[in-house]
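Residue numbering begins at 1 within each chain, and the chains themselves are lettered A, B and C in the order written.
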Amino acid sequence: MTPVEIGLWVTGGMLVLVVLGMRVAFAAALAGVVGLVWIFWEKKDYEAAEFAWALTVAVKTAGQVPHGKVASQALSLIPTFILIGYLAYYAGLTRALFEAAKRWVAWVPGGLAVSTVFATAGFAAVSGASVATAAVFARIAIPEMLAVGYDKRFAAGVVAAAGTLASLIPPSAILVIYAIIVEQDVGKLLLAGFIPGVFSAFVYTSLIVILALTIKGFGPPVTGFTWRQRFQSLPPALPIVAVVLIIIGFVYNPFGGDAWGTPTEGGAIGAFIVFLMAVFRGMRWPELKDALLETAKLSVMIFSIIWGVLIYVRFLGFADLPSAFSDWITSLDYSPMLILICILLAYAVLGMFMDAIGMLLLTLPVVYPAVMALNGGEFVSADDSAFGMNGTMCAIWFGILVVKMAEFCLITPPIGLNCFVVAGVRDDVSVQDVFRGVMPFFLADGVTIALLVAFPWIVLWLPSLAS
Amino acid sequence: TEWNVSLWGKRRAFTEHVHKLAELVEEKTDGEFTMNISYGGLSKNTENLDGISIGAFEMAQFCAGYHADKNRAITVLELPFLGVRNLDEEVAVSHAVYDHPAVAEEMAQWNAKMLMTSPMPQYNLVGTGEPRDELGDFDGMRVRATGGLGEAFRAVGGVPTSVTSSEAYQAMESGVVDTVAFAQHAHLSFGTINQAAWWTENLNPGTVNCPVVVNIDAYESLTDEEREALDSSVPEAIDYYLENYGELLQRWDEVLEEKGVEKVTISDEELAAFREATASISDTWVEEMTAQGIPGQELLDLVNSTLEQTRASN
Amino acid sequence: MAGSSTVLSDDSTLSFLDRKLYRLERFFALIAGIFAFGLMVLAVVSVTGRNGFNEPLPGYVDWIETFMPLIAILGVSYVQRDGGHIRMDIVVGQLKGRVLWAVEFITTIGILILILALVWGSWAHFDRSFDMSRPMWSRDSTIDIGLPLWPAKLVVPVAFAVMSVRLVLQIWGYGRAFIRGDETPAAVPLVQSVAEQAAAEAEHIQGRD
């Protein structure tokens, strides 16, 4: 059997385990270990005496991955951004934000759901992790929506979908990770995420309003707030704005001259300020302990998938599957745009079974060079390129597209991390409920992605001002 | 026989000799002995020696400075101001050190055998703002430099700052570092040259040493013909590498001109003062190695005598 | 999430061991959380030092890389105990009683096999970086300031060893549930519908008091 065939068999086996309900991280890792044993034994022509050798080498190779891959500065952003989310929650900042959004916009049809999207988009300017954002707003927004008679499935779906905004609107852990994998300018990528993020938020709210107008008893507008009450809701939400300004000021020094630090450090500084606010607002050890435990839990969930998937990816490396794929893509005789669309569709399928970061780590080393090659190479000028943009802009555009796809995968069944997290926070909501409720947003995301593909300037306008 | 070879990053001047070696070996054995070169698929770059030790792959490249404790003996080649002037000399001293029994013994603990080096030119600085051409300018300078090089800059008041090579560009742009020390190909591939206002052409403080090793068991189980093909291809592969890197260096001046980067020349007096200030680094190194039972002085002398011989024979 | 766990307890030895181990797991998770907090403090110290005193934290990246395994892996068993690791429950969500416990039993054995293999593999990884005869027992070090790597590498087999014990308890729990045909067994995480059922029953009982 050729290594590529072994690769396909093992992948099939992994899918069976996943369907049987084995925890995804461990199903991937187990498939990876078994695959490695198979590959090494095959190398010795399956001689019985060599099995022990193959097993040893496979296990030791897999045993490097958890420490080796997790000990990474790039991935250190994930716990930091999760921590920000929980600290802001315990500081009452997220609730204040939601309250303000509610008083100002909840009078529209589907008002509370629209408020949730706005509050989440605002919080996204502080938070860089979708799952943490979904977890925090599940606690705040869902009870309020249920109280005025929303369907619990839809209430949960709104939160799961809106959480994904945190990864487009800067700061964003996943955009930084993309930038590091493909070695592009982090600052420009973060900037590029802003308009698509806000754009996504508006597509979500439009969808909600349309649904509210067409479905009877969907979710009533919440009215009756006086202007006085509205303005009273603003001061408690101001600290979030302050944190946003501090992070932006930190990364793009407003006084001219050198910035004070990298976006990575900006995130940590933001977390620290939120921590100080939380302490000021009365957070003490019991609350801090809860925040730390929640941070640990969510971090471990995400990192288990990361190292589990990477053991499987290590096996794929030995099976030489990525280069087989790359050769295949570049040998295709279709138009570059068609191939790009197929790649995005492939992400949608792959994302059904994988978490966003695991998926990027798995695919980008193969797919990114292929896409750059499709456009005409790293140093191509806009005029000579297939997509009408130079190499740098293509890297930014593709980055935003991929991250949007990856975020889309956070809400698609069967493995949609945001949906699991929302169901985990709310005991009265099952995972199936969230998946049902989030379905309308597939349409919204489809529209957003199609527009970003068709009109790249939505993505590229802001970063092109910066260069 | 098919060997798996673990490299990292993407194909670049720094890895061309491995591709050439694979090509030559396959040719000489009529396709009997092939090499499957992987960039990052088989291992993380700092764990290539682990992979060799496990036997997961047969050949790999790594850099001494990534993990000094794994390969103490060859860190002699990363000491500042060894006086290596060009890539030919770098090859000569590297291979002389690789042949030393202390090195072979330490590598054998990882089940590894040195095959060849990946010679790199001296790590010179690129920087933003006013050129720093005097030692006094290094005071308080935040510089991205690792290992022995970082130590050298610290000795003259510099502030070595940790950023990974892939974040170097971002670190320069955001002012986290003022300067970055890299070889030319890395200034190109990590984009630091695009941020630069100037480049030091003759600071030549030292470089990083990155050998290519093979797994001992795999090497010994080659047929005589295959082993002969492998060994005999090393000099050719190195020659190819030098030729290719030479072309890159020739292009370098054009790149500087194109990007408007100023070439900074540092005066002999300043260089002498820098060398003086960092002299104790080798002494400390020798002391530490001797304490751990590694013949540090002998290795350092070997570097110097090899340099003399190489120059005498030219 | 949700502080309330879906693991029930009873007065059996198994449940006693479950709760004992849970205390250790919680402690490990708290350490992980504290180091996540430490990551943030590290960044603040580094930024302040650099901008305020031109004195960046030496080996900032090295320290981050040392912290990360503690944050990312030490709590693995804590999450497993509450059934928090992500999975697809479209199939198991439909199963009930003995069939469900049989499937859980088998997949958990699969995980145990994996984790035992990884205890071995990650211990070997640690062992290659550890040498008692060397300064700081180090045979592998970080790039910038040469921190020994072995402590961070040791975190992994330790976390996985605790995870193995947890898995053995869960296999025991599923096995017992299978044999006894339990509806709501103790010491194993219950899928949502079963947990709801248990909660409903508890309410029912309370109502009768």
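FYI, a contact is a pair of C-beta atoms (placed from the backbone, for glycine too) under 8 Å apart; a residue touches a chain by one contact, two chains touch by 3 or more.
Just so we're on the same page, UniProt names per chain: A = TRAP transporter large permease; C = TRAP transporter small permease protein.
These numbers come from a predicted model, not from an experiment.
Arrangement of the chains shown, judged by which pairs touch: all-to-all, with no pair of chains left without contact.
Of all chains shown, the one whose average CA position lies nearest the global CA mean is A. No other pair of chains has as many C-beta pairs in contact as A-C.
Per-chain Cα centroids separate chain A from chain B by 37 Å. Here the spacing of chain B and chain C, counted between their Cα centres, is 40 Å. Distance between chain centres (mean CA atoms), chain A to chain C: 23 Å. Touching two or more other chains at once are residues 50, 61, 124-125 of chain C.
In chain A, the residues that touch at least two other chains are 60-61, 64, 68, 73, 260-261.
In chain B, 46, 50, 54, 164, 176 are the positions where the chain touches two or more neighbouring chains simultaneously. Residue ranges of chain B in contact with chain A, taken from their complex: 4, 10, 36, 38-44, 46-47, 50-51, 54-56, 164, 166-167, 169-171, 173-176, 190-191. Residues 1-4, 26, 29-30, 32-34, 36-37, 39-44, 46-47, 50-51, 61, 64-69, 71-76, 78-80, 84-93, 103-104, 106-107, 110-111, 113-115, 117-118, 120-125, 152-153, 155-156, 192-193, 195 of chain C are the ones that touch chain A when the two sit in their complex. Chain contact summary for the complex, chain B toward chain C: residues 46, 50, 53-54, 65-70, 140, 142, 146-147, 150, 159-164, 176, 291-292.
The part of chain A that touches chain C in the complex is made up of residues 17-27, 29-30, 33, 59-64, 66-68, 70-73, 75-76, 79-80, 82-83, 135, 138, 260-261, 264-265, 267-269, 271-272, 275, 289-301, 303-307, 355, 413-415, 417, 420-421, 423-427, 430-432. Chain C meets chain B in the complex at residues 50, 54-56, 58-62, 124-125, 128, 134-135, 138-144, 146, 148-149.
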